[in-house]
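What follows is a pair of complexes built around chain A, which joins chain B in one and chain C in the other.
== the complex of A and B ==
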């Protein structure tokens, strides 16, 4: 459900942690970012980064439990697009996630684990904070000029 | 994601349609690839012209398929990779491990 924006350039969406809602999140980001005048190529990158973040929350923070809630906020100001994802699931340490080795992916037929790497490549800044037992907050920032 | 399988000359073309995002569909796709190899059909083209969206799990599915086919003595090539997917392969540097062609015909001719 798309709710009334807290200010002129900020939009917010709250969805249940269900894989079908990935499409809802992608559409929300696409509509909000394009409405804010961001070019399509940049919007596509933001969509992919947010999709990776959202599916990680669903799979890892909420352990595939669909009753969890994900709040997605997108804000465009000062030549930056900032997407914030908030969940109340299990937190993790962003620093402990190692950069993937593509050759080992090929040799060991690994699947998954590329999501955070992709987010870091696609966005200009990725910041994660977690307050144990309360919430986790992931902030993805993309310069748009 | 939907997968349409067609045989053309000595190659098999797997046409992927929709969103390529891993999950149970990735396991089904892996089974399809293994079955083709077991039948001796080891020249495989992935036609990506109708792929709308691909995430890291979808990329993982492609990598895994490439490894399976290569280890099985076959060859897997990509065809009709759109701008968005191409950009994804570029930024992850995976473009170097896949052979990619502008059309299915060119991919088949390359075997």
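== the complex of A and C ==
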């Protein structure tokens, strides 16, 4: 007998800001999203977007300091999957991030700057808010119907 | 835990890197080391075989972006081969197929160097 899932399910993970924890975060998102009945192709997109968000937090918000804490929450409600990432590091301006020019990036041998662009492509909505000195909150939303 | 491995083998005047596992911000330095070593040894013709790569994030894509121009400046290139559909789709999302030679098989990538 199939059990109808509840309207909303929320899972939470707290990890230290260490790059080796990217795999832990990916596994958490994969297990939670698949458990909520989201199809694998969509789950793979959410995993990559969250990986990009998490590595940006580790690198830029916490400046590679592994003692920082990242809270990752994932909830599924009303045909939407919402992933929220909260950190207490340095904030940034999402509006100031420009769309990358791949050809000039190549000529400049530039290796970064694709993460936020990828997040925007992979998800339906990316929202960022920062309370200076307190916390930063990134909310990634993906339609799943 | 993320598992990644990059192994270099030599085929005629080419170097082939077999990448395996999960290529992310944590594991990308391992691939960078291999490419740095090849440049130090003046080896500029490289094929990367993705057959056993399960996952790539922008940190992995960034490694190719950082090194490909150095190879091309020295009459070489990094040609990419045998990607799984999920990995190819990430390259495709960012427009890489217009800027990089990506082949279904390693043999085709090798032959492209011979043309």
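One rule holds for everything that comes next: the second predicted complex is superposed on the first by the 137 of 145 C-alpha atoms of A that agree within 3 Å, B and C clash if a C-alpha of one lies under 4 Å from a C-alpha of the other, contacts with A are read in each partner's own complex, and residues count from 1 in each chain.
Definition applied: a residue touches a chain if its C-beta (ideal position, glycine included) is under 8 Å from a C-beta of that chain, and two chains touch if they have at least 3 such contacts.
Since the model is a prediction, treat every value here as computed from it, not as a measurement.
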Joint occupancy of chain A by chain B and chain C, clash or fit: clash
Partner chain in contact with A:120 - chain B first, chain C second, else both or neither: neither
Partner chain(s) touched by A:58 [first = chain B, second = chain C, both, neither]: second
First, second, both or neither for A:137, with chain B first and chain C second: neither
First (chain B), second (chain C), both or neither touched by A:9: neither
Contacts of A:20 with chain B and chain C, given as first, second, both or neither: second
Contact residues of chain A, present in both the chain B and the chain C interface: 19, 22-23, 26, 44, 48, 51-52, 55, 102, 105-107, 109-112, 114-115, 117-118, 121-122
Chain C residues within the chain A interface of the complex: 1-2, 22, 24-26, 55, 57-59, 61-63, 65-70, 86, 90, 93-96, 98-99
Touching residues (chain side chain A, partner chain B) in the complex: 19, 22-23, 26, 41, 44, 48, 51-52, 55, 102, 105-107, 109-115, 117-118, 121-122
Touch list for chain B against partner chain A, complex: 19, 21-23, 26, 53, 55-57, 59-61, 63-64, 66-68, 84, 87-88, 91-94, 97
For the chain A and chain C complex, residues of the former touching the latter: 19-20, 22-24, 26, 44, 48, 51-52, 55, 58-59, 100, 102-103, 105-107, 109-112, 114-115, 117-118, 121-122
